[in-house]
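In the part that follows, the structures are each spelled out as structure tokens.
The following pair of complexes shares a single chain, chain A, combined with chain B in the former and chain C in the latter.
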Partner chain A sequence: MPRVYINHLYWEAAQKLSRRRLVVICFGVIAVYVLVALLGVFNLLPDYQTRVATGYEAPSFELAKLLGTDIFGRSVLYKILAGTKTAMLIGVLVTSISVPIGVILGALAGYYGGFVDVGIVWLYTVISSVPYILMVIAISYVIGKGLIAICLAMGLLGWVGLCRLIRSEVLKTRNLEYVAAARVIGANDFQIIFSHILPNVVHLAIISASLQILGAIKSEVILTFLGVGIQDGASWGSMISDATGELVQGIWWPLAGVVFAMFLIIYALNVVSDALRDALDPKLRGTTEVADGESQVGVKEAVVQKA
Partner chain B sequence: MMVGYIIRRLLYIIPTILGVAVLVFVLFTVAGEDPVRVALGQHATPQAIADLEALWGLDQPLWKQFLDFLGQIVTFDYGESYFTGEVLSEAFASGALVSLSLTLPPFMLGLVLNIAIAMMIAYYRETWIDRFSTATAVISMSFSYLVYIIAMQYFLAYELEWFPINGYAPGWDSIPYLVLPWLIIILVSIGPDVRIYRTIFLNEMQANYVRTARAKGVSERSVLFVHILKNAMIPILTFTIVAVPFLILGSFLMERFFSIPGLGDLMITAINNGDFPVLKGMTMYITITYALFNLLTDLLIAAVDPRVKLN
Partner chain C sequence: MAVQKISIWQKTPQLVLSALLIATVAVPLGCRPRDGVGNTDVKVLNYFRGATYKSLDPPKQFDVASAEIVENVYDTLLDYHYLKRPYELVPNLLEAMPELGEDKLTYTFQLRKGIKFHDDPCFPGGKGRELTADDVIYTIKRFSDANVNPQSYPALLQNRIKGLDAFREKTRNQKDLDYAQESVEGLEKIDSHTFKIVMTEPDPLLLMSFASSPLSIMPQEAVDKYGKDLDHRGVGTGPYRLAQNPRRGEIVLKKNPNYHGTYPTEGEPEDQDKGLLDRAGDPLPFIDEVRLPLIEEAQPRMLKFRNGEFDWIGIDRDNFPNMAYKDDKGFHLKEEFAQKFDIYAVDALSSFYITINFRDELLGQNKALRQALAYAVDTQAFIDKMSNGRGHALNTIVPLPIAGSEESVSAQWYPHNLQQAKAKLQEAGYPDGKGLPPLVMLYGSATPQIRQSHEFLRAQLAKVGIELKAEFLTFSDYLRRKEAGSFQIASSGWGADYPDAENFYQLFYSPNKAPGPNAGSYSNPEYDRLYEQMRRMPPGPERNQIIEKMAALFKEDVPAFFLTTPITVGMHQKWLLNMKRNLMLGSHFQFLDIDAEAKAKGLE
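And then the complex of A and B:
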């Protein structure tokens, strides 16, 4: 497909998205979370470990106490902001590991077929047979529990769905006439894959990336809650874990704050990934074929169990 | 031909099992933490370490340990737990039963309920009912699973005292403890499942046979219930059956929150203790069930859909 035509496709998609108010608002929400995460990365967020008041103070109209304080008198709001950094970081790291692996292996399997295909299909069958949580633990044993371990684990396991999808699309594309034409004029395999076939499937990677970020954020919370995720530093998962016991004592604000912060970003990502799917590939509407990171944690979460 | 296909597919499972075996062995035996150290602590005498290694067969060369592991896979006998000393095949069987009693009823009920809801939404497609339900589905999918568990456990069990907060009793006595987890599992499944089933129904509605049925004057209701439902069951089944092997594993979160002694709970405990025989055995069980169910799915689909040819 000529480049101009593909650019036109994305231009049209962008226009379609910008006409929907909810989608634009959700993009805004995501931008705010990204900004908070960037501030966190450059250490510009207020320190959540400083005491701002006495323990368990209810919310009041003062920035640090907007969401009340925790047992040690630390600001819940600041903790949530620090947790936002962790969550967004994990989302981005996981996606930047899994999406390239999925695209490259999927393209190789679909294009070359034969032994390459058999090998890659075998690899993802093996990987998807090992329970996700076990893989996280195993990787933690090797490199130590923490952020890097869960990112690596989620990244190394999260590419299977995308790989499958890209593989089947490339299988369909490689026999089309324009690919044959490219071969006739002397294009080599590398050129055919990267400049003729991949541009036609790259929208799948975009849709998958938005779902992966969402899945990674949800997964981190659950893994941390189960005690195998983030060990130190602020995380929504450890906040929820603490807040469960506090709820019985009538301390509702830490939980309410975290739940709202999580809901907002996950909802925004859900809306945006749906909109991306509709705009870029109407065929896929409403399907979950594109890798859903979360479905791996709780092992097929979408259907039975989210843990 | 059918038998030949099944045999061929069963043979294909072998390389997968070998791959998983190598992966699990490398992760837990070669790279993993030393279980002897975990069991004996920092200040164990060299003699005690050597004794325990000999007892668990860890003094053998790696290739020998791997062959033993392969032997265990073939015989389905994974030895005993390092920590509780339980025979694993028995622990797995009783744990799987508990996990199934937790996950199977809501799986079945949820399937029927969600198909019914999705059909209703598809019937009222492009009206406010459709728009409202679809928007609600996205909102419900945006809360973490943890939120549902914490909220339902707090309000229904702690505040209203309708259900026990947690706990378990063997046999039929377990039902009072299981009702709340069942409710939560069903509730969480509604959003994502209804959305997918709705899409499947809407896709079917555009098919030619639907137009034919309408053209010859079949009522919209019977188009939906007679013609579309039958055809939509194929993609719905494909989507659903892959989840069945994981039902055996139970739900890590549910079992943790409600203290239900299923396989998920067994696995988390094994993870915390570095109990590698449990982890290795469980992974292999899941791999094999998963592969068998994939085969079963393909056979079922070929049975109900004459367009599909097995090869």
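And then the complex of A and C:
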């Protein structure tokens, strides 16, 4: 069964990833960020609005003042933690909107071809012809600003790359023997797409999702810096935007803190995305590793024989 | 090791590319002389513009960036005295201040003789002709044309001159109206240099409109020849003419050698000691050329100023703590800068406040809640924290230098008092803010300063249990929402069109309700009655008493709270002479002078 092979693929990928120390550390970093975000969602983070000292106090060895204070004497560290919640929330929300759209539209376009394909290709060509940030700004002007608005805007635009990938994979897969076999045993289109084809291409969605989270975090910071993102709340973008003036006054710690926080998560996500691609993409996996299990060809042959 | 021999010709592409690269970098860096260096014959003023202008056609503009250029190219009939404070109207194109007739409705204006327009191809032979009463009447008619001027007419001339509103209505229906064929009852030419203006009712503030840049006098020949192009060029009688005008580059103004103006001979008592009267009576302008590159960001402007490339600059919030400080005596530059530059500080002619919308069910009907807001906000702390102390907490809506402000009227705003705020909140039916939905504030931009202001206010109101939320909009959306009256509270500001309290109290006059300037739709018949009474009165103690009553009503009803006015602080190079900030003038380049030798030396 293909599923045997697929489960094996993930198990093998996990084993492979766990052997690389940097990847494990990066997974750890992401886990910490996710934990901070979860604490934020349940209101368990310290309140960043509370004054902890006088305005613009340089960093010192005290938890709240570890990264200094801002103009109102609020802890920069707590603001960064609150911003982490916003960034992670946006990353996850955007991804959970764009990945399903990308997968479903890509699968439909690839599987059915014809007018469905032409329509979907036309749609994503149109969307990708407009610069991403400009389009997000335009959408946020129409549906309003704020967290939900930019999540929707980025989510509704971010599926194009994944859709294109899935479409091409499905195009290749739909004519393979095991799909033909499924059709012969009477499976309908829905079953074929979701039970037979998608499990074989879904690794692309996983890689794409990890990149999407990264892109969404970066875009939120850029949009908020430009004044069209998060309006009223903690955001790394607004902290960077405040810092442009503060830097002139020699106040470096808010910018340093937020840039470090951003660097860490973006670096970790980058490393993890690369590692995932290495581990999951059959083209990049060495033939020797595949040979350990049932070979892909073998699986396909088995299916055909059974059919 | 084997080395391949390469001929110079084989390397030609690299050489060419390298040469091009070096030339691209070196030409802008090395070959461009810095303006003004080594040339002491031509006096050049180097300043900048912070924004692009909207239009240089006087009636089509009403913004600061446009007025700054327009006032150099064109002249108004009257102007504000450069040195005297409080701001005082003086004749500019006129022989003397207009005379008011016995009927208290007719002003007679006498134009100065011999004033000439700039030389321009629109005139026969390219020679600028003399200014006459026809030009003034033409200008007023064109200013009132609804097709030309949609914006500043209501603020400056509406309902003030006999027959002019009817003329404006006519222009609405007939696009290419021949002004010469249409007589206006209130505009009458007596002779080539004399004309009369008849008002609809006695109006002591009317003359101030004739000092406003949209009413700059222009010749019909220029309009006929250039039409729409006047948005980017100018033919006036002003101290400078436009020599170069790229829309986003460096505007260059060149001296008008035939300019009629002279430097004032009187000023404030301290002006003599400061050397501000050294050039008394000398013909203007002193500076030959003004260069105004467009630089929108504060930081490069400041770096250029410190480098000597600009002659003066306003100090922005972020640079202030590094360069200057405030003590009991005022504002000072830190030692290292005080040696190079001089500082100035002037009370601004604008006020900032939070408008409360009376159409909002929650706030409109609940006076105690509005008063609680006024008690809850610590305005002085805001000024100290957010503006480096560069501002005043106001007791009335009127900025300090303006006639009818708290300098001449006794008024006291709510002190910052959390206990009182809580008591009022309880009276309003929301003890400790319980049951009170969050208030939503409208902002016209989302700059870091605006967002930080919001965070400050949110923290202040949170202390008494009021939750504040923000809606940051683009300025056009913000204006639209205010005009539609669809907001709860809004961060607002108003700059004086003329230096009189009336210009600020009209913001709360009920016939001016949204979409008019009374965006909060505040309505109090007693306030309206007092406003109507005060509007047509000459300045004086009697009028001030009425203003005092209006201020008291304003305080009681709280149609706005959190009243502040900024202090404009800036600095200039020591070689810039005659510098005294006059905020009623769109531009004061004509009065400035430069010690060219000192500048050349300083730039070396």
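Definition applied: the second predicted complex is superposed on the first by the 276 of 307 C-alpha atoms of A that agree within 3 Å, B and C clash if a C-alpha of one lies under 4 Å from a C-alpha of the other, contacts with A are read in each partner's own complex, and residues count from 1 in each chain.
The rule is short, and it goes like this: a contact is a pair of C-beta atoms (placed from the backbone, for glycine too) under 8 Å apart; a residue touches a chain by one contact, two chains touch by 3 or more.
These numbers come from a predicted model, not from an experiment.
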| item | value |
| --- | --- |
| Touched partner set for A:Ser168, first chain B, second chain C, both or neither | neither |
| Contacts of A:Thr244 with chain B and chain C, given as first, second, both or neither | both |
| Touching partner for A:Gln231 - first (chain B), second (chain C), both, neither | second |
| Superposition-derived comparison: chain B or chain C, residues of chain A touched | B |
| First, second, both or neither for A:Leu255, with chain B first and chain C second | first |
| Interface residues of chain A shared between complexes with chain B and chain C | 141, 227-228, 244, 248 |
| Contact footprint of chain A on chain B as seen in their complex | 15-16, 19-20, 23-24, 27-28, 31-33, 103, 106-107, 138-139, 141-147, 150, 154, 158, 185, 188-189, 192-193, 195-196, 198-199, 239-240, 242-243, 246-247, 249-254, 256, 264, 267-268, 271-272, 279, 282-283, 286-287, 290-291 |
| Residues of chain C that touch chain A when the two form their complex | 299, 317-319, 321-322, 385, 445-449, 451-452, 454-456, 458-459, 462, 469-472, 474 |
| Chain B partner contacts - residues on chain A that touch it in the complex | 122-123, 125-127, 129-131, 133-135, 137-139, 141-142, 218, 221-222, 225-228, 240, 243-244, 247-248, 255, 259, 262-263, 266-267, 270-271, 274, 285-288, 298-307 |
| Touching residues on chain A, where the partner in the complex is chain C | 49, 51, 55, 71-72, 141, 145, 227-228, 231-232, 238, 241-242, 244-246, 248-250 |
